[in-house]
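One chain, subunit A, links the two complexes that follow: it is found with subunit B in the first and with subunit C in the second.
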Partner chain A sequence: MQQTSTPSRFGGLYGRIRARFQDVPISAWLVGMLAAVLVEALIGRDLAYMLGLGNLPSFFGLSLIFKKWNLIPSIVVFIVVVYVLPALAAVYLVRWAMHRWRGVRGVAWVQRIPTRGYIIFNLAFVYVVLHLWAASSDYRLLVLRLLGVNIILTLSLNLVNGWMGEFSVSVAGFMAVGAYVSSVLMVWGFVNDDVFGPAVFPEAWAPYAFPLALIVAGAVTAFTALAVAIPSFRTRGDYLAIITLAYLFIVKSSIENIDFLGGARGFMNQPKVADSLLVVFLWTVLAVWVMHNYVTSTLGKATSAVRDNEPAAEMMTVNTRKVKMVAFLTHAFWSGVAGGLYAHIVGYINPGSFGLVKSAEILGMLYLGGLNSVTGSVLGTVLFTLLSEILRPLKLVKWMVIPVILIVVMIKRPRGLLGFQEIRLPFLERRARAEEEVSHAPAGD
Partner chain B sequence: MPLLEIKDLTHFFGGLRAVHKFHTRIEPGEIRGLIGPNGAGKTTVFNLTTGVYKPTQGQILFDGQDITGKPPHEIGRLGISRTYQNLRLWGNLTALDNVKIAFYGRIRYGLLGAFFGLRGRSEEERRIDREARELMALLGIEQYADMVVSGLPYGIQRKVEMARALATRPKLLLLDEPTAGMTPAEMEETMEFVLYIRKTFNLTIWLIEHKMRFVMGLCRWIQVLNFGEIIAEGTPEEVQNNPEVIRAYLGTAVT
Partner chain C sequence: MSQVAQQLFNALQWGSFYALIALGYSMVYSILMLFNFAHGDVFMVATYIGYFVATLLLGLALSGSLPLSGVAVFVLTLLLTMFLASFIGIAVERVAYRPLRDAPRASAAITGLMVGIFLETLVLYLLGASRRNFPTLIEVNTFQLGPVQVTNLKVLTIVLAVVLMVLLHLFIRKTKVGMAMRAMSYDYAVIPLMGVPLDLIIAFTFALGSALAGAAGVLFGMAYPVLDPYMGVLIGWKAFVAAILGGRGSILGAVAGGFLLGFIEILVAAVLTSTMRDLVAYSIVLLILTFRPYGLFGEEHSVRLRL
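So, the complex of A and B:
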């Protein structure tokens, strides 16, 4: 079954590369990433200096291309020496080692780790790689943490715009509510503040209270979202887009006019509880896991039934009103949580950062990655964020280049890069895959 | 006791009287026919029965229970299901998911289970998966399970819609023109198929159909609707020779 379909699936240069690495286990790639990061930490700075790149480039030197064209050869050398070669060496080494010690008990034992442990192990590995990569500069750390926030926002928006097939633009509004609610809670609880008085609890408790504050912020956001959901779900069509737009502006101008929140001047002094990558990473993983669980359950798939044909869904025993509520409130909840994380990462919020532009940015990530796809949302967010950082030297021109790229993607792939499909991530789904192979075997592909 | 009893059902769309004093009694196990020219109000009667519209007047009793004005998803859970004249599948989903979602009313885990994947969920999902595949196998469409439904041939889509309707475990199945767009040979096959599912799933069937051969072959009792009113009812032979019915379908003879 596997052999017959292989040649047709792998054509062209990309196909040959894929065929070359087909039997590389995913753990080898993880080790390869680790090797690249370690090599960078060891020789990256010196090599960058020698090649005339100045300080260690933050994003693989790609943004330097736009500053000095003559550095391109040096950048290529840097990328090959620091990232490509160590990664490939590690990949081959691991593949060789796994082949060599195939029968050894320890290796067999590793392969029998239960799925849950296996997934947690792999996630921890990914985290270690990211942590080491971010350790060399605060800029990378900041971008990675904001990336986590954006992943939560994009995926939660995908629930409504993708699975439910409506159009929401209030993601920045939900963010604002979550950001302000969590900030007020944390400042009231743990900071000596002019407006909210002395700290109520000892400061050492702050990291433990933070998850609670985020959940409360998410819940409050979801509650305010009811004001949108109740009137707009009586009908279908463009109403939700208009009402969510109204919500966005109401939230923004309300905050601008509430004095104890600082009005348009903004709100600061958030305790430093989201400074580590780990906090944001864990929240991102939790959000992705929870929403992935929902959209893969039959209960959650009913959301797509509502999108494709609502009367038929209603007749087939689906409580369509409830399904729509759940999708929209989940969107609001996680956007609120992401807003709370954002507030504590940046340490300063003002109403201006939660405008229509923010919503548009998230929409851009969503449609780049593709509707109805968890991996698509993650991929779209990562690409958009990287692109946005790499193109930073272009300044204003950046906001002409990125839309052009988006338009090209929309022409080439109207459903986004991964619209209505998922990429397989074997290191996060081992058991599910094994089960599927068993259940599909008799049907014969 | 009849499975479905409709009394004095009247419905207005604005000033238009779509259904007027419709009544029926359908016994368990029966295959009942509803015929009539285009625009006679047949589909409206189905929509009223399944709760899509709230009737202006009248009463609908299903299994001894008053279901007048209930929302469709509750009526669906009580045991009425239907197929549509123009297919209404969920086009972006696979055939299997189309069938699985119709289990919605009987899913035994809640939102927390769905979000956090608690233990009850995976068992329940396995059960739904197994039952949905079994159901598709009974209708002979199991090999299409993992294909996106909008890409399937029309005849297969019809069967997927049927499988979806059956997945809600109905007692009463409403078929709205099950042979629309079919050749005579396919129609014969569909007749066999309707008899097969009635027997296999122990169903009562109420169908709308234009093709006389189909209705005559399946139904013992037929009601004829024109301009929202019952103009005749009886056995197929009686209805076929009824001058009112001929006039409704063909117009008045010029003498």
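So, the complex of A and C:
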């Protein structure tokens, strides 16, 4: 277990910080986050009260900066004591433990856990941390669940806007279709409703039928997306943008005219099957995994080829129609699933919430995070949502600050913060390299 | 029959707004290959500017400080609003689009969207949520023209839209700046080599488009006096559809697209219920685009600025 210290590619302060923490495994960071969350749970509320911050701040106290400026020193103290110190302490502890016991046989075994199991373990760890963090406040739970929905939406849009290179604004329309279809299915099946009659199945089955309802909703959305996918064979660029815009208007108008869906009044009464963080978390992880596999597969590379040069791709035996079809339908499917989740989280949907504004929001998250990047989409969504929450005390001014931030990002990095790149986790990379070396080692070593 | 004629006339008026705003989209697109999604919000800001100018001038005229008749106030408001609105357009171009000249078009489009949101929130922040009412500058007289009931305001709107379109066409054909704009739409890269000041021409294009949006703003304010900061969003996007429907880069196309879209919307609302309007209207738009994918007057491989 050599301790190689490769000089960091990045210069300056960031480079030095990066170099310092080079050999910290991800699990250590997660332990750090766990420690921070536990400390917050134990002393957070009292400390906040003592420092004059009032109740436990929802988002690391950052939004309080905008409420009362004189609280800034207290906020800094709070953040350092509750979050930064425990996290760093835990990280250093784990690093020390790793070095202290790296000669011991047991530790070597840890290094040989297959990557897949390692990832699943870390994901479970992340879930535990998030769960504990959200336990302190219903508001946090809501924000996290909506964050999951937005991540799925942004990822699916990245497929069409990024990897396929189109400009599609119909994401809110797909979301609407998925939301309504899944709501109708769940309400018809499991809720005694005025319009849909008594529940057909026992209410206890609802959480198990929910994934099915989401998949059906996604499938229906994908089917309606044919209206957008088929024209895309012939037109590209701006004309396709109009077609997606028309789709958005048509969906919105259709829903408003269908009375048993509640029309403009909206649709309520969805069963509370998306109340737990676990459901949303699992769907988000699934979406990320599927998207990652999609874009790293041959089909994903074909999609990029269609974006870069469609006639050339066609000459290289890429079936451009199939590629376009699959990309749009996948985008629609996942947007529909996200819409279904959204409907059951919020418990009320109406056509107004799926308009141009929603599409513009998702586009903003997408371009903030970066085109053609799975981690970029996740990052962009998290940043956008965090910004949105932290700037909440600014009320109206928030919607002047956020566009300005996005404009600055666009000017500095037109393809987004992580455009065409992914976050490279050094530890995972070294692990992958080590595994490769082991597998390529000459036999009879 | 008279119903159809009446609706046709209403459609001409409603379409005039789309036409004037679509002209701005089309011009900017033909020289920069960029859709200025902030244009609808520039229209909104122009309407508010018109409101302030009109209120000011009307106040001056009524109090006797300035000897102006109602018509004179209107003309002055129109000209002044167009002039001031052009600066808004120039500012948007300078701040948001110039740094992104070499960036992918989608990023510039997103920037435009963000500028639009910024403008909406700015107006809402500065002026509050209470609705403003555009002052009445011209007495609205209704009279019968055969089977059709017209108001002088609607006639004025249609006439002004056509006149402005003709003036724009003449400008592009006869002046040097117009020639430079046309040349840019043919071949963007070569223009600086010909000694044409690139930034100036682009700023001029934005200014022209915004001035037309300013005219649309004043006329819209007079016809539908209740102003609100989000009025530009829907009209802006529909004018964008109209510009595409008419064909990119074509002035006649933008106007025709505007009238066509207005016609479709009004007719659908008249024949069916108004709630079905968007549904049917945009299905028709989709249908048209399926058979003529590049718009009525559009060409597949060129966006050159032309009548």
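The rule is simple: the second predicted complex is superposed on the first by the 415 of 445 C-alpha atoms of A that agree within 3 Å, B and C clash if a C-alpha of one lies under 4 Å from a C-alpha of the other, contacts with A are read in each partner's own complex, and residues count from 1 in each chain.
Simple rule for what comes next: a residue touches a chain if its C-beta (ideal position, glycine included) is under 8 Å from a C-beta of that chain, and two chains touch if they have at least 3 such contacts.
This structure is a prediction, so every number in the text was calculated from the model and none was measured.
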Ask   = Of the two partner chains, subunit B (first) and subunit C (second), which one does A:Y294 touch, if any: first, second, both, or neither?
value = first
Key: Chain touching more of subunit A, residue-wise (subunit B, subunit C)   = C
Query = Does the superposition put A:I411 against subunit B (first), subunit C (second), both, or neither?
reply = second
Touched partner set for A:M400, first subunit B, second subunit C, both or neither = second
Query = What is the contact status of A:A305 with respect to subunit B (first) and subunit C (second): first, second, both, or neither?
reply = first
Request  = Identify the partner contact of A:N319: answer first if only subunit B is touched, second if only subunit C is, both if each is, neither if none is.
outcome  = first
First, second, both or neither for A:N70, with subunit B first and subunit C second = neither
Request  = Can you check the complex and tell me which residues of subunit C touch subunit A?
outcome  = 29, 35, 95-96, 99-100, 103-104, 106-111, 113-115, 117-118, 120-122, 124-125, 233, 237, 240-241, 244-245, 248, 275-279, 282-283, 285-286, 289-290, 293-294
Inquiry  = Taking the touch rule as given, give the residues of subunit B at its contact with subunit A in the complex, in rising order.
reply    = 50, 52, 71-73, 76-77, 81-82, 84, 88-93, 97-98, 100-107, 109, 111, 113-117, 121, 125, 128-129, 142-143, 145-146, 164-165, 167-168
Task = Can you check the complex and tell me which residues of subunit A touch subunit B?
result = 290, 293-294, 297-302, 304-305, 307-309, 311-320, 326, 372, 420, 439-440, 443
Remark   = In the complex, subunit A touches subunit C at residues 161, 167, 227, 231, 234-235, 238-239, 241-243, 245-246, 249-250, 252-254, 256-257, 356, 360, 363-364, 367, 371, 396-397, 399-400, 402-404, 406-407, 410-411, 414-415
